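What follows is chain A paired twice: with chain B in the first complex and chain C in the second.
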Partner chain A sequence: MSLLADKTQGPVLVGAHTDSGAAFVPDQSRAERKRSYAVADFTVPNGREEDWRFTPVDRLRPLFEVGPDDRDGVTVTADTPDGVTVSHGTPGSVGLGVGIPADRASAVAWESASVMTSLAVAPGAAPAEPAVLRVTGHDKARLNGHLAISAGAHSRSVVVVAHAGSVRCGANVEIDVEDGAELTLVSVQEWDDDSLHVAQHDARIGRDASLRHIVVTLGGAIVRISTNVLYSGTGGSFEGLGVYFADAGQHLEHRLFVDHEPPNCRSDVAYKGALQGDGAHTVWVGDVLIRASAGGTNTYELNRNLVLTDGARADSVPNLEIETGQIEGAGHASATGRFDDEQLFYLQARGIPEDTARRLVVRGFFASIVQRIGVPEIVERIMAAIDRELGATPQTEADG
Partner chain B sequence: MTSHIEELNPGLKDIGRYQFGWADRDEAGASARRGLSPDVVRDISTRKSEPQWMTDLRLKALRLFEKKPMPTWGSDLTGIDFQNIKYFVKSTEKQATSWDELPEDIRNTYDRLGIPEAEKQRLVAGVAAQYESEVVYHQIREDLESQGVIFLDTDTGLREHEDIFREYFGSVIPPGDNKFASLNTAVWSGGSFVYVPPNVHVEIPLQAYFRINTENMGQFERTLIIADEGSYVHYVEGCTAPIYKSDSLHSAVVEIIVKKNARVRYTTIQNWSNNVYNLVTKRATCDEGATMEWIDGNIGSKVTMKYPAVFLLGEHARGETLSIAFAGEGQHQDAGSKMVHAAPNTSSTIISKSVARGGGRTSYRGLVQILEGSHGSKSNVVCDALLVDEISRSDTYPYVDVREDDVQMGHEATVSKVSEDQLFYLRSRGLTEEEAMAMIVRGFVEPIARELPMEYALELNRLIELQMEGAVG
Partner chain C sequence: MSTLEISGLHVSVEVEDGSKEILRGVDLTVRSGETHAIMGPNGSGKSTLAYSLAGHPRYRVTSGSVTLDGEDVLAMSVDERARAGLFLAMQYPVEVPGVTVSNFLRTAKTAIDGQSPKLRTWVKDVKGAMANLRMDPEFAERNVNEGFSGGEKKRHEILQMELLRPKIAILDETDSGLDVDALRIVSEGVNRVKATSDVGLLLITHYTRILRYITPDFVHVFVDGRIAEEGGPELADRLEDEGYDRFLTPA
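Moving on, here comes the complex of A and B:
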C-alpha cells in the first residue's frame, strides 16, 4: 500500500489502523443483502444488524436455533373449494424454488421444517369460495412452517391463511403466481399474547399476473413478517395491503422488499396501523428497488400509523432505490399521528357517545385499506377485531 | 509558551525534535507528512501552542477513532487510506501555488465561476478564508466587533476566548460521536469561531471560504457558533478543491448552540472537486423558542455523507433543513438531515431536492426522532428527486422514530423524470434541449435557490448549467 512507499521519515504507527484499504463496503443496494439456505451463513442476530435493529431479538432466541416441530401442539386444517388442492410433503432442498431465506430465523425454519404444505390452484380455475388454511397452536408449540402456494396460469383465486393460538413459529411462505394468474392471499395473525411468529414470504409474479397480498396482524407477542416480491415477466402487478393493531407490550413488524427487474410492472403498497398501550411497538419497513432494466415501472408505498395512547412507538421506514430515469412514477409517503380530537369533538357535538365516536374515527382510518381487501368475510372479521381492540381500552375518556 | 507546554508534558520535547514534514522549509504540500499517529496529533497541538486539555482531548479522540469501525451503512469509503493523508498542511505553502498552476480544465471552470474575482471581493467585504489547514484571512466589520460579536478562526478563538471555548467545544458533538467526528477532534485545524451576544442581530451574513489545494490533503476544520439569547446570525460557507488523480478527505465538525429565542441560519454550498471524500458532522442544539435553519447545497465531491442535525431541546424550538444535491458522473451524494425532538411543541421541516445525471447517485437519508414527552410536536419531511437520464440513481432512506402519541409526523417522496412535454414545450419556443433541461432543473430547485444569498443563488445557477452541460444527447 502507498502508505509505506510514501512515508517520509519518522515513526508512523503502521498497523494502528486496520480499517483503511480493505475495509468493509456497506451494501450499496438492497439487492446485495445476503440470501442462503444454510443456517450457518447467518449469525445469530444481536440487534445491531440493519434488518434486526428494531426487533427485540433476545425474546426471539428460540427461533434462531434449529429445532424439531412440536407436532402434537399444532393443528392445520384446510377448507378447499374445487380447483384447489392441498397436500403435505417434504420440503426438499429448494421447496417451490421461489423463496431463499434472507435472515437467520428464515434459514432456521427452512432447515427445521419437516413438512411442506402445498396449496395449488389449478391452471384456469376460478373457485367461487376462498381456500382457507387454519393454523392453530397450543402451549407455545414450536412450529417450523413451510407453505408453498402456487396459482396456476390464468387462475383466479383467494387464499386465506388464518393463524391463532399459542406458538413459537418460524415460517417460510413461497408464493408462485404464474403467468396471467390473479391471486389474493390473506394472512391473518390472531395469535394469543404469548406467541412468537417470524415469517418470510417470497412471491414471484409472472407475466401479466397479479398478486394481492394482504397481511392482517392483530395478535401475538412478537410478529415479524418479511415479504419479498420479484417479477418473472413484464406487466406484473403487486398490491401489498396491511392492517395492524398493536396493544401494550406487543411488537408487530412488517417488512417489504419489492424488486423491480423486468420493465412495465407495478407495485402499490399500503399499510395502516394503530397503536395502543404502554410498550406497543410497530415497525414498518418498505424497500423498493427499481433496477436499471425496469423501465416503465410504477410504484408507490404508503404507511400510516395512528398512535392512540402514550408510551407507544411507531417506526416507519420507506426506502426507495431507483437506478433508471425511465419510470412511470415512484413515490412513498409515511405519516404517524395521534388521534384527531377535532374529529372526535365533531362527532360528539352531533350526539354520538364518545366510545362510539372513537370507534368510528379509528374505523374510518382503516377503511381506505380494508375496503380494498375485497374479501367480505375478512373485512367483517377485521372490523369486528378493531372494535374488540378498542373495547379493550382501559380508559375511554379523551386522554390529552 | 512552548516551554510551558513542555513542562506539562515532558514527552513533547523529544517529539519536537522530529520536525518531519512540518518545518517551514518544506514549502510545498507535496512534502507534508502523511499518516496518523499520536505524534502527529501532539505535533499539531504543539505547533498551535494549545492548552494541555486540548492536547489530551485530541489524543483521547485519536484513540476513539482507532477503536471505532468504519460505518456499516452509506457509501463505499474503501478509497480512503488514512495513512496516506496529510493531516496538517501549513497554510504558507499556498504561496507555492497559483491559479495558473492548475490543470487547464479546472482553471477554466474556476474562471467561469468567477471564484478568483469573488474571492477578492469577499476579502474586501470581510470574510474568513481557509486554505489547507489554517485560516489565512479573517476580518469582521468594526461595528459588529464593537457590539461584542466574535468572529475568528477557531485556533485564534481557542487562544483568545478559552473559557467560552472550553465550555462549548465538543458539547454538541462529543469526540466519540462517530468515527469521523473522532478523527476531526484529534486533528482539527482552522474553521470559524463565532459568538453573538444577546439580542444582537448580525444582518449581513458572515462568510467563510474553504479550499483544499494539496493532493491527499485532509481538511478538518472545526466550527463553533454560539448564538446567545435573542440573537440572529447567518453563516455562509463555500468549498472548492482542485482535481487530482488521488483522493482528498474533508471531514469537518460544525457545532452550533442556539440559545433561547435566538436564530441561526447556516448555508453551505459545497463544490469540492470530485476526488474529495466529504464526511461532515454538523449539529445544532436549540433551546426554548430558538430556530436553527440549515441550507445545505451539495454539488461537488466524490462522496458526500452529511446529515445536518438539530436537537430541539427547549419548548417551541424549531429546526429546518433545506437540502439540495446534484450528483453527476462518479458522484454519490448521500445527504439528508436529522431532527431530534426532545421537548414539547417543537417543530421541524426537512425539504430535500436532488438531481442525478450521468450515472451519479443521490441518496436522501434522514431521521426524525420524537422522544417521549415531546407532545404537540410536528414534523414534515418532503423529498423530491429528479432523474434526467436512464443510468442515474436516486435513493430515499427516511427513518422515523415516534415515541409519543400527541404528534404529527409526515413524510413524502417522489421521484420523477424530466417530462417530454416540458422539454418539447421549451424547445418549440426556440431553446436548445440543453438549455431547456437546465431551465427545468433550475425550476425544480428554485424553492431552495431563493433562500440563498444572491451571489450564492447566482453561483448555484451557474453550477447547475455546468452540471447539466453534456447531460443531453
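Moving on, here comes the complex of A and C:
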C-alpha cells in the first residue's frame, strides 16, 4: 500500500488556490451531500453554499427555476454506427435509474425536461466509428436536457456529444456502463459566448467495466459540469480527462466526485486548463471518497492550470477522503502557474516567432492529456480548437 | 563574411532596490571564421553578455551598440536576432514540456530558413547530427530538455547549432558539466561546424581544457563587466597558471 498526497506548486500562485488541507468542507463526508429529484428540496443558491461558492450564481438565475424547453430553438442530430440506437421518449420519474440530482440546477432540469434522449450501445457491440450527438442552440434557447447513455455488457464504443450555439441549458446525463463494457464518452462544449450550461453527469460503472470520460470546454459564458461516478461491481475503472480554455469573461467550472465503494476499482482524473484575458475564471474541484469497503482502490487526480495573462483566476480544489487503510494507492496534485517566459525566450532564441512559440508551449502543456484521449479525430479537433483559442491558424510545423 | 560588432555596451538588471549595472562598457568584434574565447571569474558578467546579445528581456541595455553586418541587433526581437544569424548555446538550457525535440528542431529550422526543410534530407541530417554527437535516436521523441542530464542538454545545444547553421554562435560554458568523453564529442561537434561553415565563435568558458580541442584565435579576459585584457592563445595558458588574481582590483 502506498499513500502519497503529493502537492506540487507552479512557479506563481494565481488567484485562490486551495487544497484539502485548507478547504472549507462543512459536510462530515462528501457522501452526505443531498440528492433528490424534487426541486423544492434545494433552495435557490446564493453563492455562499459550499458547492456554489465559486460560481456566479446571479447570472444563472434562469436555470434555477422550472421552465419549458424552447423546442424550436434547439436541434439535436445523431450520427450512429451499427450497434448504436438513439431514441427520444419521456423521462419517467427515475430516467435511466443512474442519476439523482445533487443541486438545484440539476433538479430543475430533471423536472423541466420534456424529452429524454436515450443512446444505447447493444451488448457485445464494438462499432468502428464513434456515435455523435450534436446539440445546437439558437438565440439563448432554453434547453432542459436529459440524456441517458447505456453501454451494453461487453460492448466497446466511443460516444461524442458536441455542443454549439447559443443556449440556456440545464442538463442531466446518465451513463450506465454495464459489466465488462468499455465506453469512451467525449463531451465537447464549443458554445457561443452568451451560452449558459449547467450539467450533471452521473456514471455507474459495472463489474470490470471501464469509462473514459472526456470533457472539453472551450466556449460559453458560464459552463459548469459536475461529474459523479460510482461503481456497481469490483474491477471497475474510471479515467476522467478534461481540457478547458477560458477567455476574457468566461467562467468554466468542472467538478468531479468519484465514490469508491466496491473493492479493487481504480480512478484516474487529469484536467488541464489555460486562461487568458480579463475575468477569465476556471474552477476545478476533485473529490474522491474511498469508503471503508473499498480495499484495493487505486486513485490519482491531477489538475494543472496555465495562466497566460494577468487578470485571470484559476481555483483548484482537490479533496481526498479515505476511510480505509487497505488501498493500493491514492494521491493528488494541483498546481497553477503562469506562462513561463524562459520557455518563450528559449524557443524565440531559435528563431521561432513569438506567436508560434506561445502556441507550441500551450499545445505542449495540453499534449499530455490530449495524447491520452487516443481518438485521432477528437484529438485533431481539440488541437484545432486550441489553436483557434490562441488566435492563430494551425501551422503544419506545429504538430506537437 | 559576417561581422558582429559590440561597442561600449552597458547592461543593467532590475533588482529590488533599483537597477544594477553588470556590463560596463564591452567592446568586441567577432568575424566569420574567427574563434574568440572569453574567460573570467564567476559573476564577472559573461552570461549577461551572452543573454544581452540574444535579447533576453531581463537585461536592459543602457548604452552602447551591437550590430551584425551593420544591422542594429538591439532593435531586433529575440527571434529576429536568431533569424539574422545569431545563436546562443545556453549555460542552462530550458525545459519545454510537451514539445518534442523533433518538432522543436523542425519548427526552428523552418523559422530560420523561411521555409520547411525537405523532409527526406532533413530526417537524414537530424539522424546524422545526433549520431555524431552520440545522442540516442530516442531523444528525438523526448520533450525538449525535459529530464536531460547536464551533459545531454549541452549536446542538444550543439545539435541545434549544427542544424541551424548560424553566422555567429555564442557558446556559454558549453564545456561545464561535461566529462572527458562528452567534452571531446561536443568539441568535435563545434569543430565540424567550424570546418563546414564560416561560423564566427564566441566561446565563454572558465577552464582552458576545452581550448585544447577548440583552438581560439583570440582570448579575452572578462572582469567586472568588461574586457580587462586581450591576447592570443598563449593568454589562456597564462590564466591557467596564474588565475584571475592579478585582474581583481582589491576591494
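Here is the rule we go by: the second predicted complex is superposed on the first by the 365 of 400 C-alpha atoms of A that agree within 3 Å, B and C clash if a C-alpha of one lies under 4 Å from a C-alpha of the other, contacts with A are read in each partner's own complex, and residues count from 1 in each chain.
To be clear about the criterion, a residue touches a chain if its C-beta (ideal position, glycine included) is under 8 Å from a C-beta of that chain, and two chains touch if they have at least 3 such contacts.
Since the model is a prediction, treat every value here as computed from it, not as a measurement.
Once chain A of one complex is fitted onto chain A of the other, the partner contacts of A:P353 are limited to chain C, with no touch recorded for chain B.
In the overlay built on the shared chain, the residue A:A314 is in contact with chain B alone; chain C does not reach it. Set against each other, chain B and chain C differ in how many residues of chain A they touch, and the higher count belongs to B.
Of the two partner chains placed around the shared chain by superposition, chain C is the only one that A:R363 touches, whereas chain B remains out of contact. By the touch criterion defined above, A:A384 reaches neither chain B nor chain C.
Common to the chain B and chain C interfaces on chain A are residues 400. On the chain C side of its complex with chain A, the touching residues are 54-57, 77-79, 81-83, 87-88, 90, 93-100, 103-104, 106-108, 110-112, 116, 143-144, 160, 164.
Within the complex formed with chain A, the residues of chain B that make contact are 18, 20-21, 31, 33-39, 66, 69-78, 80-84, 372, 375, 385, 387-418. Taken in their complex, chain A has these residues touching chain C: 340-343, 345-354, 356-357, 360-361, 363-368, 396-400.
Those residues of chain A lying in contact with chain B across their complex are 1-3, 6-14, 16-17, 19-26, 28, 50, 275, 292, 295, 305, 307-327, 329-339, 400.
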